[in-house]
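Multiple structures are listed underneath, in structure tokens.
You will see chain A twice below: alongside chain B first, and alongside chain C after that.
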Partner chain A sequence: MSSVQTTLPPQTGQHGFRLRSTHVRQFMMGFYILIFFAYLFGPLVMMSATAFNDNTYPQVAPWNGFTLKWFEELITDSFMVEGFINSLVIGAGVVCLAVPFGLAGALMLSQIHHKVRSIYYVIVVSPILTPGVIIGISTLVFWDWMGLMLDADFESPFYNGIWLTIIGQATFISSYTLLIFLARLQRFDSTLEEAALDLGASHVQVFWQVLVPFLKPALISAAVLAFLTSFENYNTTVFTIQAESTLTTVLASKVRLGITPAVSALAVLIISLTLVGAAVHEVLRRRERTEVKVG
Partner chain B sequence: MNNLLLPIASLIGAGLVILGLMFYRRSQHATGSGFGHFLRRNGVFVSSYLILSLLGWIFFMIILPQLYMVDFSFSHNLPPSKIGGPEDVYTTQNYEYLLFGSPGSEDAFNWLHLKVFLRTILAAVVVTIIDLALCYPVAYYMAQSASSGKLRMMALCLLLPFWVNEILRAFAFRILFGSGGVFNNVLMGMGLIDQPVDFIRADVGLYAGLSYAYLLLMIFPLYNAIESLDHSQIEAAKDLGCPWWRVHFEVVMPFAKPGIASGCTMVFMLSCGALAAPQILGGPSSLWFTQIIYQWFNTGGNWPLGAAYALVLLVVCIIFVMAVMRLFKVSFGEIIK
Partner chain C sequence: MSANVELENLNIRFGDFHAVKDVNLNIRDGEFFSFLGPSGCGKTTILRAVSGFNDPTEGAIYIGGENMLGSGPNERPTALVFQSLALFPLMSVADNISFGLKVRGVGKVQRRKKADELLEMIALSDQGDKLPSELSGGQRQRVAIARALAVEPKVLLLDEPLSALDLKLREHMRTELRRIQQRVGITFIYITHDQGEALTMSDRIAVMSHGVMQQVGSAQDIYDNPATSFVASFVGENNPINGTVIAAEEGYVSLKTDFGELRGRNERGLQPGDRATLFIRPQNLCLSERGDFDNCIQTTVNDQEFEGEFEHLYLAGDSRNLVVSLINDGAIPQFSNGSPISVGFHSDRAVVLPAGEMAYE
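Moving on to the complex of A and B:
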């Protein structure tokens, strides 16, 4: 905006007016951005504050004094702890599926003939645009029916909430990882691969010693993204989880049935954890970026 | 009837694989057959990894479950022992239920569910418009005015709330808008009201919470689109005497069309399919369409009916994406970016 003023010819009267109006606009823009970020962080800050208030309802006012008892209540809540452990297991499972699937999908894209490539691309990214509830429902009914057709017994993975949730979440998280790998592969110099092959390396060696090291930053950020997305997922999980529970489903039922500051305490923990996770992700991304600049 | 699906699906799958290999061969120079070339290019290990992964993911996780859900939505609600039996025939009763209600009902149409459906779509459109209006100035500022240090700071700040659990974000809005919440306390403290206002019943909390949840999916596509606009174009328009609002409507917005389309699509889809925020922030009298689907799967115990409802939602979403693509003249690839 400031550059506009310099390009204007110094006219009397009108120039002064214009200068003022751009200043007003600049000020309003700054003010708007302030409000925008208040909207972004205000709710989270308020929620965090209620976790430390000694009040049976999660409220900021009246402030009855600082307490940590809601954290204590949280840790002794066996449902929460069980859900948390299940969420960790599911997150790990999703990483194990979504990272290789996404990589395979990305590697295949360049090898498919251009006539079917656009159809292929639509298929592999469509899970991102499909509402989460629909992915959950289709996974549930499909594997339930597969179990029925194969006469699997009730203890088998076909009816197990943890397995179904891993499969359901990996369906769309693989598409996210695919996009990460595609972005990285665009910068891959395929002559490296050819050079290694010419020098007598086997295909397996090329894969592990040329491609995988090049993709390492993308592999790490894909794994982090897959884990975090899985951890906070609700829409798909709520259909596939069946008799089991994850942290989000326990949380949702708690919030719906009656609200307690223990949920705020959990929020404080999760916000701090995600802050750490996001910071790690950001550092890795920056390192990747500087690496590109150097290379 | 249901057991027809597996043979049909395998046929489709085999057809796709053969088609893929044929195209593969045609795409290469005349160096042997398609599959042999694929093997030679990648080696046995990588080839089998690629094929197995894609079979597992695309076939068993994307295509087959969706196809089976379509099939399932046309079936009766039967106990497992009767599936595959003589009563297992196709029916459109699940779709008729959404339109006309149960056969014995008095009304001509199932207004209860149809109203919820229409309100969900309408509310999703409103949320999309709110998000577009909120995000456009910030995205413009980030793309055209902010210095690089400020930009990095802002991007980081925007990303952080996105990583906080969906349920907790909705819960935060419940704390703000509840009867003993922050807003009521502030308003009563200022003496503007003497009774707490029921923001939750008025759905204020729901709209605020939903708009909040999907802000980032609007901001980043907008930012990406506006960022590639050459700043001298804006300056040229201003030099030629264009008022600032016309610069936005006639220079920036037409240029940022793919970004606007992409952001609107994402926000609309996600708010249509939102479940947590309506469950937590929805008033006692207002239902979201996904909540009805959820009820059929849980307390209602009628999975085929739930699947039919879910499919209707999916079809509406697909129509919306197609309409946006047609309206803004953008391709599918541009929406995903």
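Moving on to the complex of A and C:
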């Protein structure tokens, strides 16, 4: 008979600290996470602080006292407000173009013959790889030519900065939305389409009653992504905007001409909006989830 | 309400692949008709051609006498129950059922009324507001059928709808399907690779192999009088014994086989010299000592298997094991593997067919 031996931990009363490899690993991990978040949020925190400092230049030290006057200056700055409104208009315009373009491109990609699929894919994704500057310049040159050829009026959309910016940004933002739709479409069961057709639906009805409800999450993400990408775009906009201005071009010119803490105040507003939006979304999502569980 | 479906010289090719070859068939009004065959035999292709998802390369499809050429799936008086069911995952069960009415512009109240009627028929009255994902497999199955019936099709097409269910539920759904068909009285075209389903439910069955329709007939017809070696080997258990015809007289032929001379029914006009296969079912083979048989096979036992009502003997055959199924009367002797045995059968129980493709290779 061979006895089975089990190794038990030594039964001792001592509780002395012993450094183990896991302790080192945990310490390194904690340190890394600390640095990670400091790097990520440090600038934002600093910038937010400068918005409340009574100092003519955005800096934290010396602290000259708490003030809200930069917020006041921000909303009375007509350039800034005009640029902000233009950015909203352009963002909305880009959503209206890029979402249907991206959806059409993704649908085409999922139905096109497999032999040309890879070529088509490269073509529709190429605007993402093209530098924004190039897109901006070419948009400007192309529509200028079109305007010349059609002998268009100088007040026409061919020369309008807002229109050209919407079109220019939409060329590459459509590729982003296309990728979002593509990911969602890959999980679409095409027999659902066949089932709807078989039950007598027309192709239009299949699109609106079967495909669009399925794509709804992707439609929302694509619209949000398109808007945000448009809102923060500078490279393309700087060429296409011409006489008009957007928030990014106003900020850029401010940096060149001397920056005030009003810019920090704007940053605080944007950060707070983002945080509030994210928090509301999370709360609603949790509430919906518990409702589903109860129901 | 119902309509006959006529397939006229139907040929369907996908590139070089000839999926359906020269199918001529008339499926009658209100008939429960099954296409039976192994996967890849072309049965689903026929179904998709009838519902309008792919066009025949040659030939025509008539439903109720009307040529369906050029009519899309949404213009045909057919409804298809998909193998994957294809229920709309984001719509409630009632919305799924009434989808076909909604796209036809039927009002909300009437839609709900029809959905409630159908829900009652499939015994899911209180489940209309649930999502399909909240139902069990068998319930989803019934919803898919109700959804197809809601549009009041003249022909209901079913593509292996029971394949995802477990055995017990499948058997229950067979009866259920048959009941629904008798109740609504429309033509059902059923696709399956499961012969049990085809035999129990169908008025008539077409057995398919490699795009060719091998035989059309009632369940009894196909089981008792198979027309080809493929049908004989595919439908039910059967023991093939290969040989050459040496004599043919009065509806019977004698074959020279590895087990000596054997006799069976000559349904296909075989002549002396033809290569042929004799098929005898496991339940028609008996131990020779228990009766007076016209045919005897001397061979050895490979295995013996007890299965309650039956006991199966596996004997050395000419190409594969011969299976003998004996009713368990409590007096079946135990054989050791390799021991000699003699089994016999009556000539009228065996059918002799021209040598040809078998369902198992």
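Keep in mind that, in the parts below, the second predicted complex is superposed on the first by the 247 of 295 C-alpha atoms of A that agree within 3 Å, B and C clash if a C-alpha of one lies under 4 Å from a C-alpha of the other, contacts with A are read in each partner's own complex, and residues count from 1 in each chain.
One rule holds in what follows: a contact is a pair of C-beta atoms (placed from the backbone, for glycine too) under 8 Å apart; a residue touches a chain by one contact, two chains touch by 3 or more.
These numbers come from a predicted model, not from an experiment.
With the two structures aligned on chain A, chain B fits next to chain C without clashing. Of the two partners, chain B and chain C, it is B that touches more residues of chain A. By the touch criterion defined above, A:Val238 reaches chain B but does not reach chain C. Once the two complexes are laid over each other on the shared chain, residue contacts for A:Phe207 go to chain B alone; chain C is not touched. Contacts of A:Leu257 after superposition: neither chain B nor chain C is touched. Using the contact criterion defined above for the overlaid structures, shared-chain residue A:Ala196 touches chain C, although it does not reach chain B. Of the two partner chains placed by the overlay, neither chain B nor chain C lies in contact with A:Leu150.
Here the smallest spacing between CA atoms of chain B and those of chain C, following superposition, is 5 Å. Residues 202 of chain A touch chain B in one complex and chain C in the other.
Within the complex formed with chain C, the chain A residues making contact are 189, 191-192, 194-202, 205, 209-210, 213-214. Within the complex formed with chain A, the chain B residues making contact are 2-3, 6, 19-20, 23-24, 26-27, 38, 41-46, 49-50, 53-54, 56-58, 61-66, 68-69, 72, 80, 83, 134, 137-138, 141, 145, 154, 156-161, 163-176, 178, 180-182, 185, 212, 215, 235, 238-239, 244, 265-266, 269-270, 272-276, 279-280, 290, 293-294, 297, 303, 306-307, 310-311, 313-314, 317, 321, 332-333, 335-336. Listing the residues of chain C that touch chain A in their complex gives 51-53, 72-74, 78-80, 82, 84, 86-90, 99-100, 102-104, 147-148, 151.
Across the complex, chain B is touched by residues 1, 3-4, 7-8, 25, 29, 32-33, 36-37, 39-44, 46-47, 50, 57-61, 100-101, 103-105, 107-108, 111-116, 118, 121-135, 137-143, 145, 148-149, 167, 170-171, 174, 179, 202-204, 206-207, 228, 231-232, 234-235, 238-239, 248, 251-252, 255-256, 259, 263-264, 266-267, 270-271, 274-275, 277-278, 282 of chain A.
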